[in-house]
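In this document, chain identifiers A, B, C, D and E correspond to the written order of the chains, with residue numbering beginning at 1 in each.
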Amino acid sequence: MSPRTRHSLELVLDNLVWFMLVFVLAVFSIFIPNFFQLGIFANIIEASSVLGVMSIGLALVIIAGHMDLSVESVAALSAMAVGIMFCSSGIGLGLQLHPDWLMVPVSLAIAVAVGAVIGVANGFLIVRLQMSAFIITLASYIWVRGLVLVVSGGRSAQDLAPAIRWFGIQRLAGLPLTAWIAVACFVVFSLILAKTPFGRHLVMIGGNETATFRAGIRVNRNLIIAFVLAGAIAGLAGWLLAIRTSGATANLGVGLLFNAFAAVVIGGVSLKGGVGTLPGVYAGVLLLSAINTAINLMGLPANFTQVIHGLLVLAAVLLDAFKQTIRQRLA
Amino acid sequence: MSPRTRHSLELVLDNLVWFMLVFVLAVFSIFIPNFFQLGIFANIIEASSVLGVMSIGLALVIIAGHMDLSVESVAALSAMAVGIMFCSSGIGLGLQLHPDWLMVPVSLAIAVAVGAVIGVANGFLIVRLQMSAFIITLASYIWVRGLVLVVSGGRSAQDLAPAIRWFGIQRLAGLPLTAWIAVACFVVFSLILAKTPFGRHLVMIGGNETATFRAGIRVNRNLIIAFVLAGAIAGLAGWLLAIRTSGATANLGVGLLFNAFAAVVIGGVSLKGGVGTLPGVYAGVLLLSAINTAINLMGLPANFTQVIHGLLVLAAVLLDAFKQTIRQRLA
Amino acid sequence: FAQSKGTVYYLVPTLLDEFQTGSVSALELFLKQVGYEMKTLNADNKTDAQQSQMNDVIALKPKAIILAAVDFNALKPSVEAARAAGIPVVEFDRQITATPSDFTSVAGTVEIGHIAADQAEALLKAKNGSVKGKILQVLGDPGDPYTLDIQKGFEEKMKAFPDVKIISLPAMQWEASNAGTIVADQILANPDIDLIFSHAAHLSVAAVASLEAAGKRPGDVMLMSSNGAPVGLDLIRKGWLNVEVEQPLYAQAAAVAMFMDKVANKQEIKPGDYDVLGLKSVVTKEAWGPNIKIPGAAITKANVDNPAFWGNQKPPTDTVKSVE
Amino acid sequence: MSEPLLVLDNVAKNYGAIQALKGISFSIGRGEVVALLGDNGAGKSTLVKIIAGGLEPTSGRMLFEGKEFLAKSPAEAKAAGIETVYQDLSLCTNVDVVANFFMGREITHKVLGVPVLDERAMEAVVAKALANAGTRIPSLRTKVEHLSGGQRQAIELNRFVHWGGKLVLLDEPFAALGVEQTRRGLDMIRQVASQGIGVVIITHIMQQAFQVADRIVVIRQGVVAGDVARNKTSPDAVINMITGETLAGAGPAG
Amino acid sequence: MSEPLLVLDNVAKNYGAIQALKGISFSIGRGEVVALLGDNGAGKSTLVKIIAGGLEPTSGRMLFEGKEFLAKSPAEAKAAGIETVYQDLSLCTNVDVVANFFMGREITHKVLGVPVLDERAMEAVVAKALANAGTRIPSLRTKVEHLSGGQRQAIELNRFVHWGGKLVLLDEPFAALGVEQTRRGLDMIRQVASQGIGVVIITHIMQQAFQVADRIVVIRQGVVAGDVARNKTSPDAVINMITGETLAGAGPAG
């Protein structure tokens, strides 16, 4: 075949998940009543913002050859911290700052800080003590969620300060600001990963840690930064979560972790490390969110939703299998 | 240092998790009132049987360089199948076979078969389509649990046929037969992994799949077998779960997956594949079970338990970190 | 309450839900008043975990075990084991009918569904003149019998009204933002939804957040939820929530305390009417043993500030006394 | 010589846009040692992988013992009697020397009908093989990850002798071997050939080629640039074939 | 010659029970090329890793430019001016040639104060370097996993030239290189040395050693078995030093 057709085909393959997304959306629009409307598409993007942000941090550590199971609990803890401080009812203390907008940076800073601290803990234990990231962050996953229970006493906070809620309500081009924040994060971190030495190093560490170590790259430092980033970003996700639910409950965010992993993998990131891009991950996130929304609109008996959900995810992934076969053809 | 001391030290390190277990048990016995009694130790072993059996299958695929997230849901499905057929109340159909003992092999066969079928599906997709085991089995994790919801309608079955329940009640040397079944599984599969060509091949595949492929080992065949085994063993775990519960509930076994992973990793199996032994895994299982029991007996405010649990797991793992440092000394 | 009469264990199914957390403090309070220490174990919604806890607690030989089962009937074997070991078992909040127990104090989840149905009927009639319209029912986890029973009760009563359409969707694992997504999507797909019924108040909070984000104001869509958590009451005060079906948490807990002496000492409990914190309650002898039923109530703007509602977080001042 | 053992007929291989092999044709006789020479990136390893069943050719055909032949997998090639030593070593560094030596062909004895590994028997064989090759290894039970480059290559090189077969493909088998080990390796190859086994050996060291080979085949940029009997050529002549004139335009080619 | 660049004083290394190095002492001068020879498993790579900061010696000391020296990590060694080419290639096969060539030392330009990779500049440098080395690579943007053994080694070997430094350690750098590439490599080493950079090169091919080295150091079973100026010895003599008489007792030791 001609180099040009080959080239364009390569392009399609490299961005397959995006084409999958379009395909899936098309199918849903045709077969699911009420699916095809701007509002729904806006919902898909809006609903994906928390998961999306969380997936960024997760993708970073996975690309660097490790993983972080604690992101879900970290997000919950950050959300709870924000909730307790800036909610006016439930267990909220209803903290007030003047001028009001001051609460935005402060709450954000708190959320991110909480996440970063746990990220430091994870990173330190994993890198310095050379422990398996899986088991360390699994422990964090448990004890951080436990911490949420402790600080909240199992109760919930609601009525987030309007100044903060504003991000969830105010819309720009039909999308709430929270969604735009997620998009912005993807743009920024995509650039960092693709264009800066730091990003390049993460990819190479994920590919061959020994090689990078021998080449004089400060592997430990980079890895710890990656874990801190993962934590901090999870904190941001928690902030968005609090805004979305206008407060925080003890079980907030339960189940996000698996979706984040699914999104990352569907997005083309290899769990072996060293392979993957963030735009792909965002496509994966949107794909999952689309599937969720579709299920909400299909109106099937409640106890069928989960099977359908699993099978749809599977289907989405199987599409990806074609990639291999087609590549074979090409070669 | 003298070769002999070195040798014995190596021995300790290689079986560190067992020493950790003894250590932990000792500490608990000293500091937790009522912990030190045969009944409690029996409980620890009894409570660990389901988790233990499940961990065997998981460990096999992980050692072969892959993973299986579906084991938890598979166990639940098998349990539900057994529950629906042989339970006399709830959604149970109260199937009767004569002579009674016939129900034992039949129910067992059903449970194992259910698991094996799903194992085949996983294995086929992963090996033939060369998909990431993580994402395929993640999908299974979701849809299989969904299937449980569908067949059960979210309801539960109780009053398992006494002939089957018998395994959970009849005790041998203070332990219910279910516990002995788990122990037997560990013995058998430890031997298979360590002493047979099949086991050897799994380990080598986990170490370097290309090499084994080039050496003419039927990699795909071995891997599919591994996944089928994982499924079938999960089915057996489900059977034990049903016996333990004397029935099945829609969300039976939720959370076992994480514990299984923790046990496997604490047991010294590397998630990168190619490293690990089953006795170590059993030690890991007992360790986690001991921690759980300890927490139940400590009688601390309920909303602190989860934090404690996470931190104890962490502590258990950290002990493992010494291993590295000591090895350094040795070298 | 001078010296302690001994320790009682409370096996709570989860602490990720305000009703359960509330039950811990309420039981602790009332049991103390009648002279018992209480220790709590949290099963995190895991049936098998709760079974292990039963086994372990049995080894501790407490005065009694108060069990709020993760799954209504799956703990049958454990209950039997405990009673065989001479430890009385009290069923709290979640009924176990498969095997006898020493005392049962539940609001009756199906009944909650019935009350909710009555309220829905009234609300729809008020809005649409007759009982017709669309209801979005946000369930909890589809694997949780608690939510399924409420659904059962609600739907069997609503059957009477053919032109009421009910859309039911589960918020997996009772997670709030799942509920938020469901509402956000449905409000677009079915703009004509009249009433949203969430099976827990904290789900309503997320629902409200989504409505707000969709530009709705209080009253545009009617809301109703069950279990009477504080968050629900706040939403009523704000005008978002029309009705909260309250579960009489305090009364349920008080009842357990009132009969604890009899339970612990294995004396029989006489059927009849009892006054529990001012609520008229009936003790009956059922196949599964003595059973006290305490009517749930519907909370509206009218009575929202009544301190009897546990959602107001004002534990009753008058102490409970053991039944003689 | 009788009909050749293996005949390559215009074998070509593309990796995506890259033409690694543009059409290779030559043949190997029974008991013949062919040295396959060529510049880096000429396509030697690619060719070996195709014969060994690790890669599918884009076009062309092969005759093995006169019959049409195409191995879908290394297992098939092995079954047909083709042993291969790959350039990028293929050992499982997570297991010990013995396990690697017997990878996929473990010696077993039945216990209650179940095949059980016979470690002792295997260890004895390995010890003998490595002794003959003159390779010192601290302990046959050390994991391969703890071995030196040469020690690893020795394991891989000596495996094939043990299994014989009909055709042996050696992709730079001496690259990491010591002087003595290389000498013995070359002797071994001659012995193997004398048993009527065909041998293809890839190397970049001229003397090695001239010491052991009957025929020399040179590949340049995916085509056969020369195919001569050893005794009819000289190292310098071969080197010219390898480099060709094209080297002027060395460096990255589009 | 002035004070030596690097002095090894009785450096020893144990891996658990295995004594890989029993006490090595020799020195390398500025601009001097030392060929480090030895049998498989003699301890050459171990020694290199110790100097390069990848391994901690069990005992012994080193002097670098007269000062006590012990690199805790490769980064430290690099900072001190020691460049290393490892025997087991250390490339990230998941990224392209350019990325590997500049691993850890990327060329960047600031954009709003943020360092951004300057791919064009880097690509130009790599193209030039590889052209000089006479290595053909389809495209500098192909991932290294798609390159041939020799092509990979070429990348690694040519990195160090670009970075110079004070001391260069080459562990069998030509093992996979073609004839022409090897020739150019040897020339390059002489050039590097002529700039006053010390070079340690490990190889199993006598001519290479005799072609490039000023001095030849032989290690046998972890001890220095010989340290002679090239022009005072002969390949055969060296080979005897390498193999020694001990070979009688070859095969698994210990």
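Following the convention adopted for this analysis, a contact is a pair of C-beta atoms (placed from the backbone, for glycine too) under 8 Å apart; a residue touches a chain by one contact, two chains touch by 3 or more.
Worth saying up front: this structure is predicted, and the values here are computed from it rather than measured.
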Hopping along touching chains only, can you work out the least number of steps from subunit C to subunit E?
2
Ordered by label, the neighbours common to subunit A and subunit D are B, E
Chain separated most widely from subunit D, comparing mean CA positions
C
With respect to inter-chain C-beta contacts, which pair, A-E or B-C, contains the greater number?
B-C
So what's the Cα centroid distance for subunit A and subunit B, whole Å?
30
Taking each chain's mean CA coordinate, subunit C and subunit D are separated, in whole Å, by 74
Taking each chain's centre as the mean of its CA atoms, subunit A sits from subunit C at a distance in Å of 34
Using the touch definition from the top, which residues of subunit B touch two or more other chains?
149, 153-154, 303, 305-306
Residue numbers in subunit D touching 2 or more other chains?
15
Shared-contact residues (touching 2 or more other chains) in subunit C:
15, 21, 142
Can you name every pair of chains that touch?
A-B, A-C, A-D, A-E, B-C, B-D, B-E, D-E
Can you list the residues on subunit D that touch subunit B in the complex?
52, 54, 73-75, 78-79, 84, 86, 90-95, 99, 103-106, 108, 114-117
Which of the residues in subunit B end up touching subunit C in this complex?
34, 37, 39-40, 43, 46-47, 50, 89-90, 148-149, 153-156, 158-159, 165, 168, 241, 244-256, 292-293, 296-297, 299, 301-303, 305-306
Using the touch rule from the top, collect the residues of subunit B that touch subunit A in their complex.
125, 129-132, 134-136, 138-147, 149-150, 152-154, 258, 261-262, 265-266, 270-271, 303-311, 313-314, 317-318, 320-321, 324
Considering the complex alone, what residue numbers of subunit C touch subunit A?
15-18, 20-21, 139, 142, 167-170, 172-178, 180-182, 184-186, 188-190, 202, 205-206, 208-209, 212-213, 229-231, 234-235, 238
Under the definition above, what is the set of subunit D residues touching subunit E in their complex?
15, 18, 38-41, 45, 87-88, 127-128, 130-131, 134-140, 142, 146-151, 154, 172, 175-182, 204-206, 221, 239, 242-243, 247, 250-254
